[in-house]
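Structures incoming, each one as structure tokens.
There are two complexes below, and they share chain A, which is joined by chain B in the first and by chain C in the second.
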Partner chain A sequence: MSSKAKEYKKVAYYPGCALEGTGHAYNRSTKELGKALGLELDEVKNWNCCGAMEVKNIDPKVQTYLSSRVMSIAANEMGHDVVMAPCNGCYHNLKKAEYDLKNDDASKQVVERISKKAGHQTYESGQVETIHALDWIKDGIGEEGLKERVKSSLKDLKIANYYGCMYTRPRHIFPEKDQGEGSDSTSEPHFMDDLLAAAGAENVDFPLKTACCGGAHTLSDSDTSTLLVSNILEAAESAGAEVIATECPTCHSGLEMHQVRAEKRFGRKTNVKIVYFTQLLGMALGLSAKKVGVHENISDSRALLKEKGIA
Partner chain B sequence: MPIHEEHLIRPENLKTHENLVIDGIDVSGHWSTFIESRVLTNYNEQMEEEIAALPGGEFIHRCWQCGSCTNSCTVNAVNPEFNPRYWIYLIRTGMESELLRDKDIIWQCVSCNKCTYACPRDVAPEGVMKATAHWLELKGHTPKSPSTHFDEVFSEQVIQTGKIEEGRIIRSFFARTKQELMQDWLVEMVKRLVSKLPVTMLMRMGLANVLRPRTKNWGAARDAITEYVDEQNAAHRKALKLDDLVEMAKSEVKPGQAPAE
Partner chain C sequence: MRTLDEIGAVLNIKGSLASAYLKAGEDTLCHWAEGRGLEPTIDAREGFRLLALHHQGSRGEPSFNACRETCRELAYHYNLITLEPDHPDTEKRLEMMRLVAMHLYLFVSGKMQVNGLGEFCCASRPLRTGT
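On to the complex of A and B.
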């Protein structure tokens, strides 16, 4: 068992804005998965938005402040030393804030100034460790732990694992990655592959794991996003995938939206289904499709999952 | 040939004369096509410094022109005209007129960070693209891009309430960019979604629209962020000498003539 297993038994949970909107199915499946695995989530009290991909273009230091406030509440008001963020955007921004507060005095000064005026304790770098939902399961339970608990194997389900941009780039804000065995790789991430394989799935060789879906411009430059998404969907299909597993609400809704848009506007139709990895793991543990919110996805995978005997 | 010399052979620089005799030699017709000679005199020596003064542009001076950014670029793969390495070169050498030829596509950087991942000199080219797009808008070379409108709609909501609500963002963005909300593909997407959802869930989604999600006791944070952002905007205007430009424009308005609205 991983040395982190004990530490991840109870963590601060930062769902973020998307998980209260388009990513609702990710939120509910993450919580259900935690319950099924005996991992406790303690939601960060009165959290705020991390700034996503947008606030940094107005001012990057404001984005650093927004993330620091979330970490400050988790550490100083709730006494946590681990914050788990299932959204790649939130995860990335908290990691980036951690890096900047450790290495850039100007960022530190701005965060101090705004925190003081806002009336809360300033976050100090090192107070919490930010982890992704993938780290949470991988290190909190592990593949062996998952295998023991599988009730409805994902066997025969061919999956392309899609990680997107923010989980691995840029490298310097993820000092724990690329550290050999037990750590994830920034060029070829594999934590999601490992977990789904432990649940019985057949992972296909998918070259566009960390390609970009154009999420930042999903509405402001829709044609570019549709083109990028179509490339991802078609590559997954030609790799033989029936399902694309996702671990980010922005990637997930981007793939779903532009799958429809590509069909409507450009006649590029694909049939590959898009499912959150937490939904797949939840079903493998015996939770119903409804419980993990499969019906909330736009991409309708219910018939496929039924046919495979998973849902 | 370096890309910036390409324009020597752009169509507008090729001259063919129907009847031209120089020093007694007939140089008429296609076989005597000239390429116009070029002398660059309009360097903008402040451009690099100004872009470096905007958020994201700070490290442009580190660039070695290795091309890793363009090589790894997501947008370059779908549009070869999108060339971060080349733009950094133009900015650093002050070739503003050449940069302006691409002014309408620079904002299209999708922030995938592949360039920043690949860059051996920590230039953070993604930030440089954002700073450059911002510079083009502040200097009046381009109108606000759809991406800037989106950033503003989004950030205003975060600064005001601490959180965002996606439905509101989408509606505000379409309104601000004067687009139809009922896009065929959005309607299709909502149809596919709604057909599967129970009524209770649809009610919950409707409710989130009315009761805006917000962070409690956010007022002091909002004021502190707003104060800081205003200071930064003033500093950017100063670095780009925008107020001097406004003064110059005013002084050029002749007495008795109404300034153009």
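On to the complex of A and C.
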């Protein structure tokens, strides 16, 4: 078992905006999975947007402040030293804020000034460790722990694991990655592969696991996003996958929506299903498809999961 | 140099040679370099001009690293196919290489369009659209 197992038993939970909207099924399945595994989530009180892309594009230092406020509340008002963010965008932004506050005096000054004005304690670099939902399960329970708990194996389910581009980039904001055994890799991430394999799934070799899905351009240049997604879906099918497992609400909804659009706009139909890794793990632990929100996905995987004896 | 449309057409053909897909990737990155006012490098990194071109293209443009692994996967598939041409999975690997090269092409050409570079700059628009 990981040395972090005890630390991750109870963590501050930062769902972020997407998990209250299009990523609702990810929120639901993350919470249900935590319950089933005996891992406790304590939602950050009065949390705010991490600054996502919109604020970051206009003023990156304000984004640093917004992310730092979330970490400040978790650390200074709730007494946590670990914040878990299941959304790649939130995870990335909190990590970036941590890096900037450690290395950039100008960012530090801006955060101090706004925190004072907002009337809360300034976040100090190092007060919390930000982790992704993948770290939470991988280090909190581990593959062996999962294997012991599996009730409905994902056996015979062929999965392409899709991590998207923000889980690993840029490398310098993820100092814990690329540290050898036990750490994830920025060039060839494998935590999701490891967890789903432990639940019995057959992972296919998928070369576009960290490729861009065009999420940032989905509104400004929908056709490019659709073509990028379509290519990812076709590559997954060519690799033999029946399901693409996701770990980011933006990637997930992008894949789902552009799968529909690709057929309408370009006549490119794909049948691969898109499912959150938390939903797959939840069902492997015996939770019902409804409990982990499979019916909330646009990509309807219920028939396939039923056929495989998973749902 | 081939136009982006011509490169796209090559990538739409299934079952070409691995070298054709690798060259399509290189030419795509040459467009990116030229669009940014650079002379595309003829150097190689780890035996691939493709990787040297990506390195050149990401200098001063960190977001271009979003296609770093795509380039590396393209080089990896090229090696798989050329080092084991008789492998039973060669056909499958070739199709995967085509899709990886296509992803690089879509990503880079989309980025050029957003940034108004190369064929997508205002001055080039009449040539591209034929107006």
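Everything that follows uses one rule, which is that the second predicted complex is superposed on the first by the 311 of 311 C-alpha atoms of A that agree within 3 Å, B and C clash if a C-alpha of one lies under 4 Å from a C-alpha of the other, contacts with A are read in each partner's own complex, and residues count from 1 in each chain.
FYI, contacts are C-beta pairs under 8 Å (C-beta built on N, C-alpha and C of every residue); 3 or more make two chains touch, one makes a residue touch a chain.
As the structure is a prediction and not an experimental result, all values here were calculated from the model.
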| task | Following the overlay on chain A, give me a clash-or-fit verdict for chain B and chain C. | result | clash
| said: Looking at A:66, would you say it contacts chain B, chain C, both, or neither? Reply first, second, both or neither. | reply: first
| Which superposed partner A:207 touches (first chain B, second chain C, both, neither) | second
| said: One more residue to check, A:234. First (chain B), second (chain C), both or neither? | reply: second
| Does the superposition put A:5 against chain B (first), chain C (second), both, or neither? | neither
| message | Which chain, chain B or chain C, ends up touching more residues of chain A in the combined arrangement? | response | B
| query | Is A:169 in contact with chain B, with chain C, with both, or with neither (first, second, both, neither)? | reply | both
| message | Let me test your reading of the model: by the given contact rule, A:217 touches which partner, first (chain B), second (chain C), both or neither? | response | both
| said: I'd like to know which partner A:304 touches here: chain B for first, chain C for second, both or neither. | reply: neither
| query | Touching A:150, do we find chain B (first), chain C (second), both, or neither? | reply | neither
| remark: Of the listed chain B stretches (21-29, 39-47 or 75-83), the one clashing with chain C is 75-83
| request: Would you tell me the residues on chain A in contact with chain B in one complex that are also in contact with chain C in the other? | output: 165, 169-170, 211-212, 214, 217, 220-221, 224, 227-228
| query | Within the complex, which stretch of chain C touches chain A? | reply | 62, 65-70, 72-73, 76-77, 92, 95-96, 99-100, 102-103, 106-107, 109-110, 113-114
| note | The chain A residues in contact with chain B across the complex are 17-18, 20-22, 46-49, 51-62, 65-66, 69, 110, 113-114, 117-119, 165-166, 168-171, 186, 211-212, 214-217, 219-221, 224-225, 227-228, 256-257, 260-261, 264-265, 295-296, 298, 300
| chain A residues touching chain C - in the complex, by the definition given at the top | 165, 169-170, 187-188, 207-208, 210-212, 214, 217, 220-221, 224, 227-228, 231-232, 234-235, 238-239
| field | Residue ranges of chain B touching chain A (in the complex, touch as defined) | value | 55-56, 74-75, 78, 108, 110-114, 116-117, 124, 127, 130, 134, 145-152, 154-155, 158-159, 162-167, 170, 173-174, 177, 184-185, 188-189, 192-193, 196-197, 201, 208, 213, 215-218, 220-221, 223-225, 227-229, 232
